[in-house]
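Shared chain: chain A. Partners: chain B in the first complex, chain C in the second.
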Partner chain A sequence: MKCLVTGGNVKVLGKAVHSLSRIGDELYLEPLEDGLSLRTVNSSRSAYACFLFAPLFFQQYQVATSGQDPLRCKILMKSFLSVFRSLAMLEKTVDKCCISLNGRSSRLVVQLHCKYGVRKTHNLSFQDCESLQAVFDPALCPHVLRAPARVLGEAVLPFPPALAEVTLGIGHGRRVILRSYQEEEADSTVKAMVTEMSIGEEDFQQLQAQEGVAITFCLKELRGLLSFAESANLSLSIHFDAPGRPAIFAIEDSLLNGHFVLATLSEPYPHSQDLRSPELCRPAPQLQAHSTPLLDDFANDDIDSYMIAMETTVGCEGSRALPSLSLPPGLQPPCSPGPHSEEEEDEDEPSTVPGTPPPKKFRSLFFGSILAPAHSPQGPRPVLAEDSEGEG
Partner chain B sequence: MKFRAKIVDAACLNHFTRVSNMIAKLAKICTLRISPDKLNFILSDKLASGGVSMWCELEQENFFSEFQMEGISAANNEIYLELTSENLSRALKTAQNARALKIKLTNKHYPCLTVSIELLSVSSSSRIVTHDIPVKVIPRRLWKDLQEPTVPDSDVSIYLPVLKTMKSVVEKMKNISNHLIIEANLNGELNLKIETELVCVTTHFKDLGNPPLASENASQARNPEQMAEVHIDIRKLLQFLAGQQANPTKAVCNIVNNKIVHFDLLHEDVSLQYFIPALS
Partner chain C sequence: MPLLTQQIQDENDYSLVASLDNVRNLSTVLKAIHFREHATCFATKNGIKVTVENAKCVQANAFIQAGIFQEFTVQEESVTFRINLTVLLDCLSIFGSSPMPGTLTALRMCYQGYGYPLMLFLEEGGVVTVCKINTQEPEETLDFDFCSTNVVNKVILQSEGLREAFSELDMTSEVLQITMSPDKPYFRLSTFGNAGSSHLDYPKDSDLMESFHCNQTQVNRYKISLLKPSTKALVLSCKVSIRTDNRGFLSLQYMIRNEDGQICFVEYYCCPDEEVPESES
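Presenting the complex of A and B:
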């Protein structure tokens, strides 16, 4: 593989790496026919981020040297980021950046051609890996919001940088509401300040969602994409579904696209998170319409019984039909139903990966392996999990 | 109990923001007292604050275009709320480009001071930021501990030097000792001293001027050269100085020998009194 980036695109690439670095510790680099893909996932598998740079983004783009299979590699994010650490320096001094991957050497070579004939070469070690691919499809999400990134960047300004979770939804009068989400701690005597930002429908290029829908996700993980989109002056689309199902944040232009897929809180909302303020409340709480009584029970089930049910899906009678259960009525599962389907969401099994951080209330995203699409559920879980992943 | 107030003027808003930033630096948790004419930020001299007390007062009509309050009863027409000062200053920080700011006392599952800010927006629709600051309503029986402290009869009263200079001096001294001696006389001289086994450092400020004395008898008895001093915890002085972002309109320091130092400042139209007791 060989890619050559020149001019202002070097900084764009650097910014993308910065955004990805806020999500995960390892960067998956894969040259595809469509372009160079950079992906990462966080340790609790609740956030996945991916940038795809089209061949036109590069002055030269060569997927594979003749006769060789395209290489896929996994690099330490820290190492790759160190090449692009100073964006100001990239802008001022770097003319060209060449990324090459040679199957024979076990090094990813990133060479920066700078002013005054200075050439900086970074030889980064990598590991071969399976392709990291999250299963998601924005087209299947019923709710879409789209706005210039600047609008969303301004919208998150009132929230402290340390704030983890935020709820996004549609309030009364079709206003888009962002509200800080605090986990309710029974023993805390000091309550935290709640901040809410309300934006009018007119600021959005697209608003396809009814009043009352809302999702809660980790704002910190989104900030990386927001700042990238703001600097590139792009619009950000948010595709989401019922609480618990991942939300997809996407940006796109002719040379690149980016997708951040974040898990959303699956609990039915505590009453305090009703985004329609009490004075303006409608008589029928629309939020409940999405969840069938069965779903509510399901959401409260403990993790173990969910896991067991999943593994015995094949040929068992009497157990609930899981794929349809996890979706509100009327939606098709994005992947083909059947025992070999790759499920949309999954929980980390605490017992199998003791080293990982305790599962948050967020469901983790499920990653399939591109190399082996057909897996029986009873087989080894086709998560990208390497055995060494245990240190989390 | 009811409280609703509104600020529409940008200058008033900025001033109120500066006041809340100052309070946030001086006291982590403070009491906000709301009365028909005034707002007070109070820190009472409990053990928790190490004996430091603060009384900040502003006239509501200098800030708010609308102001309505109803205390807990007609006879006691005041509201005392305890809150985390940083929450208020953080909330006001988002009001830099505001068209209007409203504050009101609300009850959203627990009592809150809700700050609602209407932002200027390029598009036709407005953007509204709402901050719900949790507060604790202080019951009537505890009000007696939160009254304006009586200004002690001081031995020496002197105008302070430029606070920024004082702050940089005290900041350096903090690295040497926790124990600072502040002394002043009626001749316009103020000294900041630290003494350790190895070193003594004194910074002398001269020609500061003394305010006219309240009681004539006391002044005649006292030798103008004689210093009145107080030994205080340097960190408390530093915290006080760090909270002053701009140089005040008026700054007076009153010293009661070996008892207490009292700072009396006026920032435009907001008065601040800060008391630091002597180290026991």
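Presenting the complex of A and C:
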């Protein structure tokens, strides 16, 4: 693989790497026929991000040297980021950037041609890897918001940098409301301040959602995409469904597109609905489905039918098709270790044992059932009960 | 003021008296070598040299010529003392380290001799602060025996071109490798870190290259942890001269222009880390 980026696009590439670096520790770089893809997933697998740079983005773009299979690789985000560390410098001094991936040297070579003839060559070590591919389809999400990134960027500006999650919903008069999310167990001093921003419908290019719908997601991960989209002067569209199902944040122009898929909080607690109720008036039908306090997140296993990490060695066309990693919980051995069964235990216990930690909020986007749709919380229960007793 | 006049009335009692209208002309240069707590000061009639060393491998010298000072007298042939540089810098910036437009801090510095404290009188807007810093037994400093006749390769670069390179050095690499050669790659800085290797090449005809005199190919490695502190001098300087001698010893000379347009020099010496295997470069 060999590609050449010139002029202002070097900074665009750098910015994309910066925004990816807010998500994951590893960067998956894969040259595809339709462009160079940069992807990452966070360690808890609750957030996935990808950028695809079209061949036209590059001065020169070559997927594979003739007769060779296209390579893909996984590198430490830190080391790739260090190449693009200073965006101001990229803009000021770098004329072009050449990225080449060569199987023989087992190095990803990033060469920056700078002002005054100075040349920086980074030979980064990489790992072979499978293709990282999340399965998601914005078209399947009933709710869509689209606004210039600047509007959303300014709206999240007042939120404290330390704030983990933010709730996005449609309130009275179809105003879009962003509100800092409070955990139930947070002590009262922390609860003292709630920040809320409300944006009028007229600021949105598209607002396809009824009053009362709301999702809660991690703001930190979104900030990266927002700042990228703002600098590129793009519109951001947000595709979402019921709480607990992943939200898709997308940007697109003729040379590149970016998708961030973030897990959203499932909120089965009346308490958290109180938080929303004044502005976001009545809960949507979807929310009512989750209104029993004891109902655990299991109802939301269907997010995984949306999004599954595909770790296959076959080419990407194939990898988009079949889910290979995850087992539906019903098929898993009762005492199988691993993240999935752990989570099941955690989630099940509050309904049986008082005083145990509250259920986990974000579910992994990648582990868990690909089968169980929303109406089968009972499905895996018998298995879980056995697990818990075995533990105790 | 009575206190002040009383204390400095008898100039002949002091082996060193120096005064300066703008204390930042001194503190800036001292900051460029402030990578260890203690420094040794030598004063002769030509000026003051302040030396900081680390690990017996690196030495930094700041030269403040007598001409920088408005008044400079040394009673003896040479005056030597060791001082806590951190404390000295704290005192010099006692009125604040960032300059306020239109206000200058003036300094008068007196040293009575062996065993006496260094006295600083700092004045800004009519307010005078008197600082006494205890001096210490001077330690012998290293002699790198770096002699210009043994210099094999020498380049002079505009500091701008190295600044970013040094601030972005891959600190997971143990060494910084400097290649100087009459042929390609001319002047190359390399690191070998966890993430892989990086090379930074400067062509000899680059506009950043003020002068290029390389006689033979030399590849030397220096401990990156020892060289990193020189970044402080680099950011203050306008030009840097990089020289290596026949033993691979490195000399970095930084030309620093102060607020009054006068030139001061800061110099770093560093000994090479090890023999470089022929195959790697």
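The rule is simple: the second predicted complex is superposed on the first by the 269 of 392 C-alpha atoms of A that agree within 3 Å, B and C clash if a C-alpha of one lies under 4 Å from a C-alpha of the other, contacts with A are read in each partner's own complex, and residues count from 1 in each chain.
What we mean here is this: contacts are C-beta pairs under 8 Å (C-beta built on N, C-alpha and C of every residue); 3 or more make two chains touch, one makes a residue touch a chain.
None of the values given here were measured: they were computed from a predicted structure.
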Exercise for the section: With everything superposed onto chain A, say whether chain B and chain C fit together or clash. Expected result: fit
Exercise for the section: Return first, second, both or neither, reflecting whether A:193 touches chain B, chain C, both chains, or no partner chain. Expected result: first
Handout entry: Which superposed partner A:56 touches (first chain B, second chain C, both, neither)
Key = neither
Practice task
For A:32, decide between first (touching chain B), second (touching chain C), both and neither.
Solution key: neither
Exercise for the section: Could you look at A:85 and tell me whether it touches chain B, chain C, both or neither (first, second, both, neither)? Expected result: second
Practice task
Quick one: classify A:107 as touching chain B (first), chain C (second), both or neither.
Solution key: second
Problem - chain B versus chain C - smallest C-alpha distance in the overlay, whole Å - result: 6
Practice task
Would you tell me which residues of chain B are touching chain A in their complex?
Solution key: 84, 87, 90-91, 94, 108-110, 121, 123-134
Handout entry: Residue ranges of chain A touching chain B (in the complex, touch as defined)
Key = 154-155, 157-158, 160, 190-203, 272, 278
Handout entry: In the complex with chain A, residue positions of chain C that touch it
Key = 161, 164, 168, 170, 193-203, 205-208
Practice task
Using the touch definition up top, name the residues of chain A that touch chain C in the complex.
Solution key: 75-76, 78-79, 82, 85-86, 89, 93, 107-108, 116-125
